[in-house]
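Order of writing sets the chain letters: A, B, C, D and E. Residues in each chain are counted from 1.
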Amino acid sequence: MNDRIREILSWYDSENPGVRTNLARMLNHGRLGGTGKMVILPVDQGFEHGPARSFAPNPAGYDPRYHFQLAIEAGCNAYAAPLGFLEAGVADYCGDIPLILKCNNHDVLNDERDPISAITSGVSDALRLGCVAVGFTIYPGSAERTTMYEELREITEEAKSVGLAVVVWSYPRGSSLSKEGETAVDVVAYAAQIAAQLGADIIKVKLPSEKVELPEAQKVYQKYEIPIATLADRVRHVVQSAFAGRRIVIFSGGVSAPDDQFYNEARAIRDGGGFGSIIGRNSFQRKKPEALKFLSTVMGIYEGSVQ
Amino acid sequence: MNDRIREILSWYDSENPGVRTNLARMLNHGRLGGTGKMVILPVDQGFEHGPARSFAPNPAGYDPRYHFQLAIEAGCNAYAAPLGFLEAGVADYCGDIPLILKCNNHDVLNDERDPISAITSGVSDALRLGCVAVGFTIYPGSAERTTMYEELREITEEAKSVGLAVVVWSYPRGSSLSKEGETAVDVVAYAAQIAAQLGADIIKVKLPSEKVELPEAQKVYQKYEIPIATLADRVRHVVQSAFAGRRIVIFSGGVSAPDDQFYNEARAIRDGGGFGSIIGRNSFQRKKPEALKFLSTVMGIYEGSVQ
Amino acid sequence: MNDRIREILSWYDSENPGVRTNLARMLNHGRLGGTGKMVILPVDQGFEHGPARSFAPNPAGYDPRYHFQLAIEAGCNAYAAPLGFLEAGVADYCGDIPLILKCNNHDVLNDERDPISAITSGVSDALRLGCVAVGFTIYPGSAERTTMYEELREITEEAKSVGLAVVVWSYPRGSSLSKEGETAVDVVAYAAQIAAQLGADIIKVKLPSEKVELPEAQKVYQKYEIPIATLADRVRHVVQSAFAGRRIVIFSGGVSAPDDQFYNEARAIRDGGGFGSIIGRNSFQRKKPEALKFLSTVMGIYEGSVQ
Amino acid sequence: MNDRIREILSWYDSENPGVRTNLARMLNHGRLGGTGKMVILPVDQGFEHGPARSFAPNPAGYDPRYHFQLAIEAGCNAYAAPLGFLEAGVADYCGDIPLILKCNNHDVLNDERDPISAITSGVSDALRLGCVAVGFTIYPGSAERTTMYEELREITEEAKSVGLAVVVWSYPRGSSLSKEGETAVDVVAYAAQIAAQLGADIIKVKLPSEKVELPEAQKVYQKYEIPIATLADRVRHVVQSAFAGRRIVIFSGGVSAPDDQFYNEARAIRDGGGFGSIIGRNSFQRKKPEALKFLSTVMGIYEGSVQ
Amino acid sequence: MNDRIREILSWYDSENPGVRTNLARMLNHGRLGGTGKMVILPVDQGFEHGPARSFAPNPAGYDPRYHFQLAIEAGCNAYAAPLGFLEAGVADYCGDIPLILKCNNHDVLNDERDPISAITSGVSDALRLGCVAVGFTIYPGSAERTTMYEELREITEEAKSVGLAVVVWSYPRGSSLSKEGETAVDVVAYAAQIAAQLGADIIKVKLPSEKVELPEAQKVYQKYEIPIATLADRVRHVVQSAFAGRRIVIFSGGVSAPDDQFYNEARAIRDGGGFGSIIGRNSFQRKKPEALKFLSTVMGIYEGSVQ
């Protein structure tokens, strides 16, 4: 491993070598391998939003094998999906790309204000499928968060004991937060902190807006003049909030935006010291050639070959 | 061990030698080692209040290693933190300071009137991280308290069976208490008693006010003229309420106050027979040189070198 | 053992010899040893009512060792307390008096109309502390009673399997009962029956009043002219309701009353065939010499030396 | 993965994807990655023969990190070692080379005629160290073989259930075999068959001699004129004996021989359809530059760049 | 921790922080704390040789508390003993010295040629007694060694998972070794290697003689001219054989010798890069003042204050 990867792994020196090995597998894989940056393809939208909303824009995506191919051809660091999608495609791609088993999922057939995801798979599935990590979503701000934190704690303990890394999707939602508050910079930073304190190895959050949601936090942001004016500032603050940058934090772009905007967001993540992107709908909802071109530009931004 | 430590340990003579060894490790460590007094650094505010509110005043605190360094340099008896903060820093400081793993945590993204903390780590984590104790928060007065007491009972049984000490944060809160009632002297004394009855080895409560909250208690305090006029009086009453002083009770100061007030509080704790302080925000939210000076004064008060 | 003890133990001949041994230890201990009568000292009020309300009248009681000493010097048959009080005192008195570990407790910082106690210790604690029995409170009449009955069932199964006796505090309370109904004779008799049916070896109830609470019961009490005019009548009815006297039923006096009234109650318990008293506040809330004198008189009534 | 790797993995299509992923990790790693050929570095001689016999020829090999470096620089497909050697080196090389944990070992301080290896580590160790496979030695021909087969069966079941591949060292030894018989072609072929029948994913045997040991076998080899005249013939026969080549069979060279002879053996393995070599003493007992040159030649023979 | 301790702990970076913490506790304790050198007091001779042979020379040693006092007063890094000796003394010395629970023992009432020790305690005992490590004896060379290696493997896995370090007494014995061969330099080096491969954190061997026992080894020692002429040479070779010095190796002196000889041995251990001594009979079989003086000289040699 090169010096940058060695440096990143040193942050995880209380983990056993198995966890560090699986982190290294992701960090060293694909086009960004060895740079310390990551682009991960996640495809859990079929469960989360329903199949048509997810795959009608590019029907090739109904096929579970499509996403393996896309992630491999694009040179992603890893591919993340729920149990069924991995089971239905993995046999053709064993060892070709690090896999993350998304272990809980939520659907919108019953969309509560205080959501909780169902546990849909676990550590033994991840091992038998050859995954490098388990993925888990928590919704800080939900009235059900205590249950989710405790579920995560259990799966984390089990996963790490067998050498699997833990990737946490930390998405604030719930009746006590405004819709805008879900991506408020203080809330996103808080969500990153919570995931890190719960033992996450890799933390996925949404890109933060300039809004500060919590009144108590507003006073602090003003008093200490925490820079949050630019997206890069906010990314830097979120990364700082995840143990002064000693945990890998990656960002999701959310709903589809013009490509130029997305590229600018990637530049802000890079400039703010973020570790990369997790890009779902923006990649698999367009035809593969376009998706590959799009992902190539994003990776170029992270590796510095695209300004 | 010296006579004072031997006396304190004699109160715990129904615990196994492992628990007593870990109590001794805390009592004998740092500048106050051997005095029977303790100053503990707790840093769970990142989870409890969010990262910016916790660390913006002194951004060095975003880094989990900072708090280990602070606690070690200040000569604290122990450092307490949630799973993530310990995992991300412990490897550089193995054996340098007794560690307390805070096993449940609460965030304020959804702040209920009857709070309950999520279990975020456990005894097996404490062992693999080399901790001397587990820490656990209960909220007497919360409608959820029964669940918390039972969770504490389970973790206590497991922890003590493997020689770990148990530190309980007993913080009255909930819909049946007024805001002021949370620190009323009768309520704080009651919270100390509950923690002791639940098997706590070390009990952390807030400094009590002169207020008496519960009507039934008011009659008693008046009839028996229980002295609660001065803070030292009230500390003495709380310590008495924890088995006539035969359990270690330490006090937290809460939100930032002028240093002189804090020192006076420490003097009251000392004069009232309290065993010390657990000082979070007042220490890690200022620059390290100032924090070290501040903690040195507090420890000086406890050891008698500062009046 | 003498014939009376042999007779009492014969009622428990489906229990294993371990349970019977521990019942015999209580029945044969102290001044009333061998008489078939019992006076037990219970001290759980620190948890149930708070420390000042419990111990301010006689501050020696803040110290967990005090109650061991009191029970031993008075010649009680057993001492019952929560985990913390036993842990903090037992080492000095190993084997000096039979111990009952009170395994659930309730505080009044949040005092619901339909109470449930938290499980605060268990069978493994009772074994490691050298207890002869576990104690458990149920609140018949509470909306939460089903949970408590099931908890009791589990702890009873576990306790008896390892030879521990089971003492049940059966205290009707809850939103469906009037305050006076809690001690109505039909309700107390019903509570004794429930405890007996749940497998209690020793049943503790409050002294019953002349009131009959339940309308359906009133018809029966009238139709069959069940004698409930005197306290001795009512005690006899309650004892009869606990398997025709084939389970040990003891009575608590409740709040402090003039001593003469208490002695008369003891005479009624004796004359009605009750097995004795469980006396908390009336004993530990006065100075020890007075408490010893008071308990001596009560025991004298039971053994017949005091009329 | 390329077509050859896909073909090889197709032989293992009853294994779960985790096992196939870990096989792919070995097959795709290093200089021979993707060719279907393998060169593995095993270093268990410290345990098997003692440290001086193993490492005195090249004292750098006393250091556990040396062998990781050698395997990585040489471009081996995997590195195999006992627990201690992996534990003491892995942290510096997480993810840099596929690891095989040798789970049983034998020493020669007491060298029985019917040997059995001690189980020195297991599946949980392999997972926490980030290994791709467990390795296990059986001694067909030993009076203790039944125990070893059953131990292997248990570890195989456990390993595969968590996605680890199983590598079996199948070395005939024991009181019923002549010294020469240990490498007799019928015996080696038999040993390969036994390992395959026991569920081995990768089988390691010694290069077979022209000798046929067992009388019953001699008749058959003669009757059916099985070609065993050349080493390539014999390799082909052994590979055929491991399920018609549908299991990966690799060969060890044994004690040091002139390099030219070793290269000729590698050519025979290649020509006979063997899958490669496992080379211990011949590589780590010479200085690293020489070892790298030696291994490069061997790999060149397998990939076809060296004739 | 200082740089030397940090360096030593870095060799154990695949262990969890708990194990590293307990290693640090030993390395940082006592007079040699922080030097990287260790002197450990072991007292298992009461079991191994019988009480009179062990304690008659200094009858104070019949009392289990004596050895705690001796180890503490002498400033040893740790005290090692079987279950009973620790249980009977630990309560008075909780936290005063790191403890090693010797988990297997052998007596000489039946002294087989191929010995095996009985497992006499385990990890749960070590935890409840507050120990930092478990100790375990293996007899390489015994026909029973396979069983002992497998027992050690199980206790090692369990101990490390709960953060306890593992100390292995590796003492070659058995029918296949000559009496002199038990301390032959090749055999001792081999025993150190085996313990290290089995996962020992600290390895205890006997001081090696100039003899080379095994014929195969003799060739190697001659061919490579391994320096074994002086005791320091041989210590250096044994330390090298334990992973090039990356495992802590300490030496026992065996039966009583003149003090000057013992001091010379300590000088040789120091000069050869050994990590210290484990001194039983030579310390506890003389009066305490003499023992303290003796141990002070030995420690002086290790710290350099005595030449």
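In the analysis below, a residue touches a chain if its C-beta (ideal position, glycine included) is under 8 Å from a C-beta of that chain, and two chains touch if they have at least 3 such contacts.
Keep in mind that this is a model prediction, so the values were computed, not measured.
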| item | value |
| --- | --- |
| Copies chain A and chain D touch via same or different residues, half shared test | same |
| Chain of greatest Cα-centre distance to chain B | D |
| Identity of the chain that, by mean CA position, is farthest from chain C | D |
| B-E compared against D-E, more contacting pairs | D-E |
| Between chain C and its twin chain D, rotation from the CA superposition, multiple of 5 degrees | 180 |
| Centroid spacing, where centroids are CA-atom means, of chain B and chain C in whole angstrom | 36 |
| Centre distance in Å when chain A and chain C are each reduced to the mean of their C-alpha atoms | 58 |
| Geometric centre distance via CA averages, chain D-chain B, whole Å | 57 |
| Residues of chain E whose C-beta touches two or more other chains | 13-14, 16-17 |
| Chain-level touch network, classified as line, ring, star, complete or other | other |
| Those chain pairs that satisfy the touch definition | A-B, A-D, A-E, B-C, B-E, D-E |
| Interfacial residue positions of chain A with respect to chain B in the complex | 11, 13-15, 140-143, 145-147, 149-150, 153, 157, 172, 174-177, 186-187, 189-194, 196-200, 214, 216-217, 220-221, 223-224, 226, 237, 240-241, 243-244, 246-247 |
| Chain A residues touching chain D - in the complex, by the definition given at the top | 1, 9, 13, 16-25, 27-28, 90-91, 93-96, 124, 127-131, 161-163 |
| Partner chain E, residues of chain A touching it in the complex | 13-14, 16-17 |
| Chain D - residues contacting chain E, complex | 46-47, 49-53, 55-57, 59, 62-64, 82-88, 90-91, 105, 107-112, 116-122, 124-125, 129 |
